[in-house]
Amino acid sequence: MGMVYDVFKKEIFDDLPGDMSIGHVRYSTAGSSQLKNAQPILVDCARGPLAVAHNGNLVNARLLRSDLEARGSIFQSTSDSEVIVHLVARSKKAGLEAAIAEALRRVKGAYSVLAMDTTSLIAARDTCGFRPLCLGNLKGAFVVASESCAFDIVDAKYIRDIEPGEVLVINRSGIHSFSLGNTRPSGASMCIFELIYFARPDSIIFGRDVDRVRHKLGATLYREAPVKADLVIPVPDSSNAAALGYSHESGFPFEMGLIRNHYIGRTFIEPSQTIRDFGAKIKYNALKTALNGKRVVVVDDSIVRGTTSRKIVKMIRNAGAKEIHMRISSPPITHPCFYGIDTPTRKELIASTHTLEEIRKYLRVDTLHYLSKEGLVNAGGGNAREYCLACFTGKYPISLRVGFDKHYHDRKQGSITLKV
Amino acid sequence: MGMVYDVFKKEIFDDLPGDMSIGHVRYSTAGSSQLKNAQPILVDCARGPLAVAHNGNLVNARLLRSDLEARGSIFQSTSDSEVIVHLVARSKKAGLEAAIAEALRRVKGAYSVLAMDTTSLIAARDTCGFRPLCLGNLKGAFVVASESCAFDIVDAKYIRDIEPGEVLVINRSGIHSFSLGNTRPSGASMCIFELIYFARPDSIIFGRDVDRVRHKLGATLYREAPVKADLVIPVPDSSNAAALGYSHESGFPFEMGLIRNHYIGRTFIEPSQTIRDFGAKIKYNALKTALNGKRVVVVDDSIVRGTTSRKIVKMIRNAGAKEIHMRISSPPITHPCFYGIDTPTRKELIASTHTLEEIRKYLRVDTLHYLSKEGLVNAGGGNAREYCLACFTGKYPISLRVGFDKHYHDRKQGSITLKV
Amino acid sequence: MGMVYDVFKKEIFDDLPGDMSIGHVRYSTAGSSQLKNAQPILVDCARGPLAVAHNGNLVNARLLRSDLEARGSIFQSTSDSEVIVHLVARSKKAGLEAAIAEALRRVKGAYSVLAMDTTSLIAARDTCGFRPLCLGNLKGAFVVASESCAFDIVDAKYIRDIEPGEVLVINRSGIHSFSLGNTRPSGASMCIFELIYFARPDSIIFGRDVDRVRHKLGATLYREAPVKADLVIPVPDSSNAAALGYSHESGFPFEMGLIRNHYIGRTFIEPSQTIRDFGAKIKYNALKTALNGKRVVVVDDSIVRGTTSRKIVKMIRNAGAKEIHMRISSPPITHPCFYGIDTPTRKELIASTHTLEEIRKYLRVDTLHYLSKEGLVNAGGGNAREYCLACFTGKYPISLRVGFDKHYHDRKQGSITLKV
Amino acid sequence: MGMVYDVFKKEIFDDLPGDMSIGHVRYSTAGSSQLKNAQPILVDCARGPLAVAHNGNLVNARLLRSDLEARGSIFQSTSDSEVIVHLVARSKKAGLEAAIAEALRRVKGAYSVLAMDTTSLIAARDTCGFRPLCLGNLKGAFVVASESCAFDIVDAKYIRDIEPGEVLVINRSGIHSFSLGNTRPSGASMCIFELIYFARPDSIIFGRDVDRVRHKLGATLYREAPVKADLVIPVPDSSNAAALGYSHESGFPFEMGLIRNHYIGRTFIEPSQTIRDFGAKIKYNALKTALNGKRVVVVDDSIVRGTTSRKIVKMIRNAGAKEIHMRISSPPITHPCFYGIDTPTRKELIASTHTLEEIRKYLRVDTLHYLSKEGLVNAGGGNAREYCLACFTGKYPISLRVGFDKHYHDRKQGSITLKV
């Protein structure tokens, strides 16, 4: 466990034999952060050694696990991803690609999956295409990654996205792919939050340039709710691009009015797949001289519980800001995610239980504006049907009746009926 | 991993809830010494949490594992014992005792097994009764252990041995037992090496007082091959009792002529279930003044490869002994064990490839005598049919044709056909 | 060893008794990064327990150490700071403040020092005032820190700087201070590199607002060497403020055209007191869409060896930039620092051995401009006499003849004669 | 910290350069068992690197430390041995041997010392000769050890003891020695407890064969207090030799009636320099069949608090012994040791506060006999003047008035005036 560069030192790489490998840096959303839940899951089964890495969240994992256990399977972890491994181990299909396809047709939910045996490496994406996965080329070798920025580090070239429902097979004969088949008629349901917050700005995600999309989110924010101000500041670093877009559109000067503490230790490094809600953990500091007496637009990417935003606003106010205008580069989050993003329950989401004006008062800002859904989708460069907007709308792409088992949420959700 | 008192500190015991527990200090004979092979094996399965500890060696584990893997089971360790867990997890029988019995009827070989779920604790012994297992009483509670000396430490009382083929069930209703049924017509096949070397001298094993049996082995050694000598010394500490028996029978004074170094560090602590063959690892030292100019009888419990015995003899000779008479309190070991004792392959066993006289010359002793099989069985207080004497005779109680898979030996064994 | 929040967990703080404490997060510049060189140095001596933390570098430490060792002192570390502890332990003065003063009058070089015994806490700064040290108030208690941003985290108020040559004593009677006495006639020699690069932008250092100073550095850079461009980008994050100053002065749009990887693991966290020269270690990535076809001004704070700047330029060029104009918010570094900043030897400093045009060609930029010394001092808001500019001028405030012993440098320096 | 074979693995030895080395496995008697108190103490001082290992206890260490600290020395440990290092570091004498001699002439108490710099290795013994130290030859190289049994392990030859007050110097020119000079007129004061208990039986100590001495102790025990019995048992393993001596003299059969548990974990390994008083920690078990109905002589080497002996007696009684005759191969311990053996305070010593009959009743034995002082000295083969018998007599060879500082004892001792 730990950071990649701390764990995989040069000696370890030098000792790795073979010409094929997979890795994973998931902060698991189902299954707590223990070593036994680390991925890739590596097992010996009748097929020989098998490794599987999974990004996303399976909504019928609990049902499938119960069924597998009733038939005698013994699970080694609490991770939803292990279901895939057991389904592959039990498959009667010859060849890894057929077994993987059979397993993936049984699981429901969000997954970008890598699997490997001694002869082939398989990359697959669920039919909704919730999570990104892309293919690249490194000096003639194929590489697969969640985000294209990973290619830049090793000087690999981005080729294309793995398609929703595509199973891509890489082996010594080359590369080929086939479809899982049951693609949703309505097309994909890509997680738009990847564009708003998760993905790195230097990535191409779902075919979009993340940095440019965020600039547009910021520009749209200004057009949707103009205000007079002296400067624009981001909540660094995830809102930098949106704040720059706002600054360029509005003409108000951009400032790094909040300084982020990078020396915060392992304890406070935020999980990459969690909607930020760091409470008082991660420390910011406000630049007093820069903000004193100013009318300030603060651009942030989202509000979850609202507690952190409130602390940031207070910090800016204490630095002497005369007016504070909060601009959020996404619509209000009103519903939890069941497809791989760690969100609190519905009643903890401030936008689910409070009106815009109530939130504004709670945050103690002069004005507050959330980006509209239309503005969001337009900036994303597509149409609403391509994206999963469930956290803003409650319209879930996969019926939760069949096999919904995000157990730590469903009990709390009570009688809420969630449906497409 | 480590010594019991170092690992299970008071704080750990204080934190243990419940009123039932099992533990294990096995040096695994099949499956290397890794944490993942530590026992009890603890899994979650459809029956809930299940713990299994196993002493012995299963001869059809590899066949069963292949079969289970072909049906989709995923093993977590390289231990033969895990087969039992998977058989229980797949059993359709209601209740742990029925499931355990079903599993144990499928495995072949040597096992003393403890299993536990949340409601009952089960103790079982294979139908040959290779390994010991006994029942005790601690202030009204039942305790089960491989050797009765464990009871003494906690002031528990020895009640009786678990019988070969018996499945004993302890739960809130009390205690009851039933038979696995297919007991061998010829009776038990208890490992006589437990009496010669493995068991602690302060234990009751197979209903025999180990210390008294070893005294008789030593006395018999003198009667079988009398010699004139000035003193008798053991190879401490496993041969102490036999050497004392020899001394009392012969009238020659007993001396601790070899000093054993107890401060030898974790690295050199010898596995308890391995026939000693410590090479130059564990250090002895010879008492020069005591041995100088003397005719010395050296009593040891067994000779495996002969290399250590040769070193010990040299040490005694260098201390000035005038004559050295080696007496071994067991017959020549000519065949490997497949029932839980870690022995080298046949060609590494000196007695399998050399005559008595060749061994005597190799060891450089004046005379050499191994205990006769009759002397051994008589000292053991039973008849030859009760015991497994396979390591001295090559007559294996369980046919190795059906399911023999001691894989690290069978390949080396080549064309040897081993049979009852 | 490690990050503060990882090492000092809540349990540790909860167990700390007393009402006074000192800590230290120095990356030692003299003495390698080992646990035994960690500070505060804590010893038991005739005065009782004594703790000392030291920021800076002593130029006569080696001479003093030899002298102390010749008189029988035994050092426990390789740190120059331990000399102070031994001088205090040997002092005949009554009271910690007198002993500390006596010790500090003997050491030469740069130091901001904290010392503590069971009754008082002492803060002192060398007579040149190389390194910052400031006093704050936290709910009636006194706090001392190198940078005022530390006060913000705990909601303490900045009161004032400790003066060059001041010894400040805090104990139960309150606070008082006195002067070490031998203040240089020419006044202080504050390290101007603290303003350019080391200090956090949210700090007040030497009475200056660091963020505002850096904005001025950037604005001055534009005025000194105007150029036509489409956008301005910083090398994040240390050049953010200067790049913003440049953008505001020039009117060219600001962009975060380089993305910094914050998830780089412990191995690659850069020492805070080292002039950045991370080689290929810390990864940046360039935003292709943002930079493609653009005339780009890149603002960086300094160039040491030039190797990293060259890599960054290449990255920007590969992203499609049409023109690259490099602007450095400090003058060329031509001489090593002996007062606490870890710089390479003179011949490794690119500006010491190459002309401006040679450096421009090496970096492969279209134009290159370093800030002038006048521009630097003006932005710093003072006059040249207040600052140490030795790394730009070679004029060292403390004669290196008396006691110069930065041993890993002096041998390499050869015949260079360095003098005030 | 840990066992030698666990800490000094082959890789470590392979990496050691040079042709001279010293090591130490002391359980420190002054200074608690912490890594910083581990020896050899290794420091850098004006003489260069210096290593010192010390066996014994200095009675004026606290006085000397206070004096050194008052003069500015800073100690790194709580060990009394560090005083020697500081005295050497402060010595003005040229050459290590002169400096060591000067230092040793200032310390009082028990010491066998090894010291090493880059050119010579020095072995020295205090003028009383409390602790053993011997010289050996290993293929032409010189080796020094506390006990000769260490030589046997590496096939070195015992040459002679280092004499009381001798300083032996080994360097490239060969070997030479000189005397510290102030030898006590009355001769040596060798610790007779080394012969009774501490030394390994396979060692030559003070020129005596330890095993033979202990046989004589046992034989003398029988002659001093004959009794009728069926068998003789030792408290293993430290009393084995004395019990054998008793058995040979009396003609009563010897039995290993108590089994010692060797698998007791790191926690319970007894310090080699502590008089055994393991309470209930180290587990023995009694052989029921062997002892049942018998008249048993139990031979032990000493009684400290009596609590353990009482537990052992109870165990033997529970095993069915008809009579128990306790024989102790040393006189009653009535006074604490200040020369390197960790003993409890006087009032915790059962023989200091109880009569023989009271002890017999407390232990619940049928008869009890302690060896006489005359019997002890005769078995030791010398005269009373050669030995330190202070723990039996209270006559301390070194006046405790001058510099007595065994601080954890003196406060408890109150007004006791201890004198030669």
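Per-chain residue numbering starts at 1, and chain names A, B, C and D are given in the order in which the chains are listed.
Going forward, a residue touches a chain if its C-beta (ideal position, glycine included) is under 8 Å from a C-beta of that chain, and two chains touch if they have at least 3 such contacts.
On a predicted model such as this, the values are computed, not experimentally measured, just so you know.
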If you check the contacts of chain A and chain C, which chains show up for both?
none
Going only through chains that touch each other, what is the minimum step count from chain A to chain D?
2
Of the other chains, whose C-alpha centre is the longest way from the centre of chain C?
B
Chain A to chain B: how many Å between their CA centres?
56
Distance between the centres, which are taken as Cα means, of chain D and chain B, whole angstrom:
38
Once you find the CA centre of chain B and the CA centre of chain C, what distance in Å lies between them?
67
Interface hub residues of chain C, defined as touching at least two other chains
none
Return all touching chain pairs.
A-B, A-C, B-D, C-D
Touching residues of chain C toward chain D in the complex: what are they?
43-46, 66, 69-76, 85-86, 89-91
Partner chain A, residues of chain C touching it in the complex:
2-7, 9, 149, 152-153, 200-202, 209, 211-212, 237, 240-241, 244, 247-248, 253-256, 259-269, 272, 283, 285-290
